[in-house]
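Following this line, the structures themselves.
The following pair of complexes shares a single chain, subunit A, combined with subunit B in the former and subunit C in the latter.
Here is the complex of A and B:
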């Protein structure tokens, strides 16, 4: 997956959680939870969807790596490179 | 001479004050229903529900269930996103979705702002036959797609399946900070929650109570399969004729969704704000058969009705309508009719009907939902019919059964509602038309 595809994947998962999520003003380097109406349970939804869609087992210690869109892409890029 | 009478005046005033205080105190103990919100198979508000039960329009249809196949069932159609977003419905449960809709509708119906009473002094008591069955079945099905790897089990499972879930979802939606919990009482749960609300108001634990019951049971194949295994699941070529209490050809229960939430207030507060009063809780009773897991017992049911009448200070002849629990099973209907016969005998002024014949069995919502369908009788003086009775079972025959068409009476001022459940629980509520 390219970086753009990974970004689209994350946004698609968030859209599934909240169809009203507005990405127009979303800043890639800022925490997603500060900009979108997401809480800890939504965050776990993202982790679960990555598991279901791409068999990714993200250890709890790595959850902070998924804070912003950019950090998500950075973290997931090597894990999804062969997909 | 007249001067001698002057000192009496303060005494008279004092007596008047004492009398007024007594009335005030009494009115604080008198609990009334001032709002109704509901979702039934075929109606999403009381006005439409009343029209439906008077017309005897069944909304039962065939549904497809995972693993099980098709079965007649009652499904509610209502505006699921009127009071909360789709994402909240997705996160919560179907029971929570039904409860939130009905709680908001009940407050709107009562013309009550949520800020009228202090939010910490509002109680939410929700009756449930079961909860978590649907969610657990869904999760097991979900992980079956991943070779039963429990890493795919949802983190939503626990908050969805705790028993207080539907009541808690109501408090979150309305910002209520008073007590909320579930009342588990099988199919008597709706009535039990109403009784809980009455008691909490009388104990001054809360100033307003949202009480009622919710059923999401048609989402569970296991509930259908269990009734089927028990030989108690209804079958019919036309699903609208599947639920047929008291009829010779009845063959079981129709499982339905449903929810109904009442606003309960103390009479003095309701009068002070000029509330419309649907009715006053005059008496109630809950008792136990202490006998069998599934079989009902006429003797305890009769005792339950007798105790409720006693608490209401009434005689059997004072009751205008008995809204029966009968679910359409062979033995259950007969037991209830035996119990009614023991208590009411040939009481000439008591009419008997059944709401399940029209909407199926809404489990934890059944008692309150069925009672709600009868409350407008205080205004229109009509007794809605039991439908689908083409060949009345002689063992169920009672005087003044209202069958297939409504009956108009000169006036209706008392309703007795029966609701019984598995593992031997019986509940009876008596509601009066409000009179000063």
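Here is the complex of A and C:
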């Protein structure tokens, strides 16, 4: 997957979690949590969805890597390179 | 419709033992992830403590007194739209005790006004207190107790301590001596928007959840008490139930954490280090309840939805647990709570210690139970003076009743104290494929806590099963 595809994937998962999420003013480098009102359960949903869709196993210690859109893409890029 | 055990296959991806809200949610999430799931429940009815029973045309809810607004988001994400749409606010929460009497919507705005105007607490202190509890996380420092938290912000103000603590003691059994985070997290959840309930009653909720599980392909068997979790070479192999062996690479127990370790898997399955931690787990208190059904034609004035009442001069965690406590909550169910049903019912709830009841002789037990009902009627008379003439059903439950129905160690109503959470969460690192879900650590209890914990554990199970 390209960086843009990964970004779209994350946004699509977030949209499934919260259909009212507003991406218009979303800044890629700032924490998702503050901008979209996501809580720790929402991040768990993202982890579970990534495992379901792409068989990705993200250890709990790596959850902080999912903080912003940019950090998500950086973290997932090598893991999703062959998909 | 749930099946009897003979309809179950011999092999599944995951077996869930127990259908409390934690077990139901784990089963739902795992089936959603594509696993073949078997849910086994000892009782004839699903729901665990989220239960109800029918008497003479009345329907009594056992644990539907109120939950935080967070249930809306949680049910929307992990259950169905229909379930979410039935969540409604309980607007009138009443406190009545020798220190103060007031009515509140039990949210931050109203509490701020009350604390400021009625209790004369400076606005800056109130704001600092709310900011402190709202910032609490379960991985924070646990050395501070709730008593210390209250003394820091409201020194010597036993009335304020009572206002802040009494409802939470009923909601999760925590005391002034438990870690402040177990108070702060739950209190902040409620303060977000107030207290909510499920319109249509517990039976409707569990019915909708059951339908949803069946749509997702979960096999559900009731009257199926698991006798043993089979552990071989450090890994789970399946369960023994009703004389059968059913295998699965992962087993999730929604039985109590103490029951799971001591009775179901058995001590032999664990290391001595782990057992030392498990043996240190303290279970939470149990409950007493008195169920009061009013005659079909009887009407009562709206005196509030949830009444926190006490005649004890000051709040004291141990007074609330006393066999003869003078403190109780009344949940009043008006016909609006169950559209289409015309009855008024009242449920009085008290916290209680299992040992106070289990050690009584059968005669003394009956006498105490009768005395409990009589004390409850005296208290209820203060709010509804002519209530006795309107009653046509009266019944009481004690910690022994809760123990009999859920099998939980010492009839615990709210799982374990804080230390139970770490043991529950790490059990699969001890025995491969063995997981626990259900009320632990105070914060993972209650309807919202149990459902959210079900999601957290489902994620652990899914990760494990997919790594095999």
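Assorted remarks:
Here, the second predicted complex is superposed on the first by the 83 of 83 C-alpha atoms of A that agree within 3 Å, B and C clash if a C-alpha of one lies under 4 Å from a C-alpha of the other, contacts with A are read in each partner's own complex, and residues count from 1 in each chain.
Basically, a contact is a pair of C-beta atoms (placed from the backbone, for glycine too) under 8 Å apart; a residue touches a chain by one contact, two chains touch by 3 or more.
Here the structure is a predicted model, which is why all the values come from computation and not from measurement.
Upon superposition of the two complexes on subunit A, a steric clash is found between subunit B and subunit C.
In the superposed model, A:20 makes contact with subunit B only, not with subunit C. In the superposition on chain A, A:41 makes contact with both subunit B and subunit C.
In the superposition on chain A, contact is made by A:51 with both subunit B and subunit C.
Of the two partner chains, neither subunit B nor subunit C is touched by A:12.
Superposing the two complexes on chain A places one region of subunit C into the space of subunit B, and among 116-124, 134-142, 152-160 or 206-214 that region is 206-214. Residues common to the contacts of subunit A with subunit B and with subunit C across the two structures: 17, 41, 44-45, 48, 51-52, 57. Within the complex formed with subunit C, the residues of subunit A that make contact are 17, 41, 44-45, 47-48, 51-52, 55, 57. Chain contact summary for the complex, subunit A toward subunit B: residues 17-20, 41, 44-45, 48, 51-52, 57. By the touch criterion stated above, subunit B contacts subunit A in their complex at residues 85-87, 90-91, 146, 151-152, 154-156, 159. Note for the complex: subunit C touches subunit A at residues 29, 33-34, 74, 77, 452, 455-456, 458-459, 462-463, 466-467.
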